[in-house]
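Both of the next two complexes hold chain A, though its partner changes from chain B to chain C.
Let's look at the complex of A and B:
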């Protein structure tokens, strides 16, 4: 057993399980829950580029989800453009908005930055809620847009069953995880960490902190918008409350903080842990105790912040390393 | 050749004049010491040179180029590196990671950056702690990490801000040795220090700052016997004694 086997083995195993899961899970409900789990793991991993590595706490990523969802939906409904192309355009649009939001707000620190991003996201949501027609573009205000399920097929990003969606979001998640891994080892990754932890020292070492953060913000919002398009094509109905609600931003932050900000495994771990809580509490207590999952999140977050302030990823990584060390007598560098 | 030149540098914070009409030049390859009582304005001068904030008036030249209003990251890439009096490590990361950040200033490739970082760590006798998280280092190692990170950027001029404060005498001796080795390798050094024994042993020339003004400059011997310097450090009554 070599070093690489220990490192890559579990990844391959997880990949095989993920690929084969739809063969075992025949229930549409559970497949739906899994799709949402991956979607949130994807969203949080995208968020992590800014919120984790750059060390700030953006709480307005719902805006980018909304921009992605609305861009691709409007383009496909009104102009007959494939959602795949709409997804790219939505991503570019979101990246531009991300940079515009980032330019004035990255100068702020801590809670002020978080509040400013909330304000931007809420501002965009309220605008969309109050606009029926923006020039030639029909947004339909609070009623939202419905995508008629007429032309299914890969080209139209529309399917009658849940399995294709499952595989699409799985590949999106794998892609964004690989991207995060590559960035964390690159110059940009080092610069983001340095600028997030000690901006003054980073600047003295040749890091243009503001520029690194803006690049991260552009990439993060670009990728987040993809999730919006996916969400629109998955549910075939979007409205401001469903794709632009602050709840999305908060849930991303919960998942990241509990799983472990700034690590690669953290967002996936957080989603694995928290998404089932959300969905199961909605299924079993939805009628009697709506919002129960948020209370549970709060309690879990408080506990994690007290006992493992760097997220659950850290003790689990340590435990995993000591197990492999005992089994194979290898130590791994951090 | 003059690597650094300050002409009539002034810096005010509101009504407080931190530095007044400060002139200084450093020859390439030398070690210049800057001493002065607490609050004399030493770190302010460093911050002006390194681009943290521009001087209120005056000009700063680095290798003949006017750098008065340039930003820290641009200056770093031009070969001007600094350390901080209050150490600022990237605490959650390893020593090697910290130094690699510095090495990225002159290369885009991670393998190359890490190779350079390791070289610097060996130079500073820190290779044994390369995988240690910075938050767990002792102050002596943290001060050395500050130097290692700055060195990794491959500077021509290194500004050292009290890298010996808080060290034990044996650690001070070790640091003096390291700084002398750095000069041998061709880096010009501008050092702020309070430990007289160290700065006397190190510097070719010493400038003395008092209430924001340079009161004298000369060889360590000249400065140590200068009446104004003794007054500045020990008070007026000692000067007449």
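Let's look at the complex of A and C:
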């Protein structure tokens, strides 16, 4: 067994399992839970480009989810444009907004940056809630927009069953993971990590830290907006509280931090661990013990931050390495 | 014009209660250099403690202070000692530990949802307390009596904290730590104890804000969220770490909210407040009274 077999093997296995899962899981409820799991893994991986690699704490990514959801929905409802094209336009819009937010805020550090991103996202949400018609565009204020489920089909990004959504979000997740992997290996990735950890030192070495962060922000918001479009097409109803609420931003950050920000596996691991907690506690305890999953989130977050500040991926990776070492007698290079 | 004046005065009164709520946040930041995301939740806890103190003992709502202040002080003291201190110890070298912000967010989620679990989602209020809906007529203007008391409570609390920091030995130790952690430690000040005290004082201040709100405000598990972001905005406006700044920042927000509603929907005033906040963040991140802090 070569070194690459050990590294690629589990990935192929995970891919095969993910592709075959809908054949085993026939219940729409569980498929729905899986779709949400992938969606959050996707969102968190996109967030990770800024929040992980660039070492800042953005807490306003719900704004980009909202921009993606509203752009594609408005375009398809009012102008009959396919949500796939709307997805692209929403992504570009979100990237522009991301750069506008990033330009002044990346000069700030830590808490100020977190507060500024919250204020931006909340400001955008409050505005959408207050606007019924923006020129010719109908936003419908706090009541939101409903997408009538009339023309199902791939072109309309609308399906009667859950399986197509499952595969779409699976491929989106695989794509964003590959992209993150490529970036982490690229010059940009090294610039980001260097700028996040030691900005002065990085700048002294001639790294344009601000530019690297802005590029990361543009990519992150572009990709996050895609998830917004997916969400809109998946639930067929969007309103400011559902696609732009601060809770989304915080949940993304929680998943990343518990899984391990700045690593590729962290966001997926975090989503794998936390999403089932959310959905299962809602199903089984929702009536009797409201908010239980959020208490669990909070407790896990506090414990992880105290004992494993780099997230759970670190001890798990170590454990995995020692197991493969025992089994195959190889040490895997980092 | 009379109604504008009335709105301005009522805005200042309510705004000073916002300022009182934000006071603890600014004290905690001033010393620990950490934005406490759980601050709204601490306010919520303070409101519940005040509510139950009044319901169970039949005290006058303001006499609940005797119970609320010590309970909240101890709550904050041990919250810092048990939950936040380990991270400071692990991350000694970091100037402004981002991990602590995250932990306070976790505390926020735990407290809010724990109170949802224990007390249920229903809105509670002190139905027949002597202050509810009481108005004072001054020159044709109606001023809310509980808000007026809140205004005085805010001024008194701010003054008391100021005096404590300036005049007492412990207060001086707290200030020394806030200026330079290492230098203070070298002088024999136990910085972790100072942090405990600072969080305790900040939490007790949130408790006083809770007592001021309880006679006329609804109490529910997520009430803190309403104040959370408002408090962040207030302390950035006033200058993180500045006591007078917190009061003034609160009053500015209060006046915008009260006067603004004469001209537009209440929800739009929220957007204006966010806009103002961002302008301050970009142009003058040290706020009105803040010391220049190298970020």
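Note that the second predicted complex is superposed on the first by the 332 of 334 C-alpha atoms of A that agree within 3 Å, B and C clash if a C-alpha of one lies under 4 Å from a C-alpha of the other, contacts with A are read in each partner's own complex, and residues count from 1 in each chain.
Just so it is clear, a contact is a pair of C-beta atoms (placed from the backbone, for glycine too) under 8 Å apart; a residue touches a chain by one contact, two chains touch by 3 or more.
These numbers come from a predicted model, not from an experiment.
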item	value
Chain B versus chain C as contact partner of A:205, first or second or both or neither	first
Contacts of A:81 with chain B and chain C, given as first, second, both or neither	neither
First (chain B), second (chain C), both or neither touched by A:187	first
Contacts of A:280 with chain B and chain C, given as first, second, both or neither	neither
Partner chain in contact with A:130 - chain B first, chain C second, else both or neither	second
First (chain B), second (chain C), both or neither touched by A:316	neither
Complex contacts: residues of chain A adjacent to chain C	57, 104-105, 107-112, 114-116, 118-120, 122-123, 126-127, 129-130, 250, 253-254, 257, 289-292, 294-295, 297-299, 301-302, 305-306, 309
Footprint of chain B on chain A - complex, ascending	185-187, 190-191, 193-194, 197-198, 200-209, 262, 310, 333-334
List of chain B residues in touch with chain A within their complex	50, 52, 71-73, 76-77, 81-82, 84, 88-94, 97, 100-102, 104-106, 108, 110, 113, 131, 133, 149-150, 152-153
For the chain C and chain A complex, residues of the former touching the latter	34-35, 83, 86-87, 90-91, 96, 98-99, 101-103, 105-110, 112-114, 116-117, 121, 221, 229, 232-233, 236, 265, 267-268, 270-271, 274-275, 277-278, 281-282, 285, 295
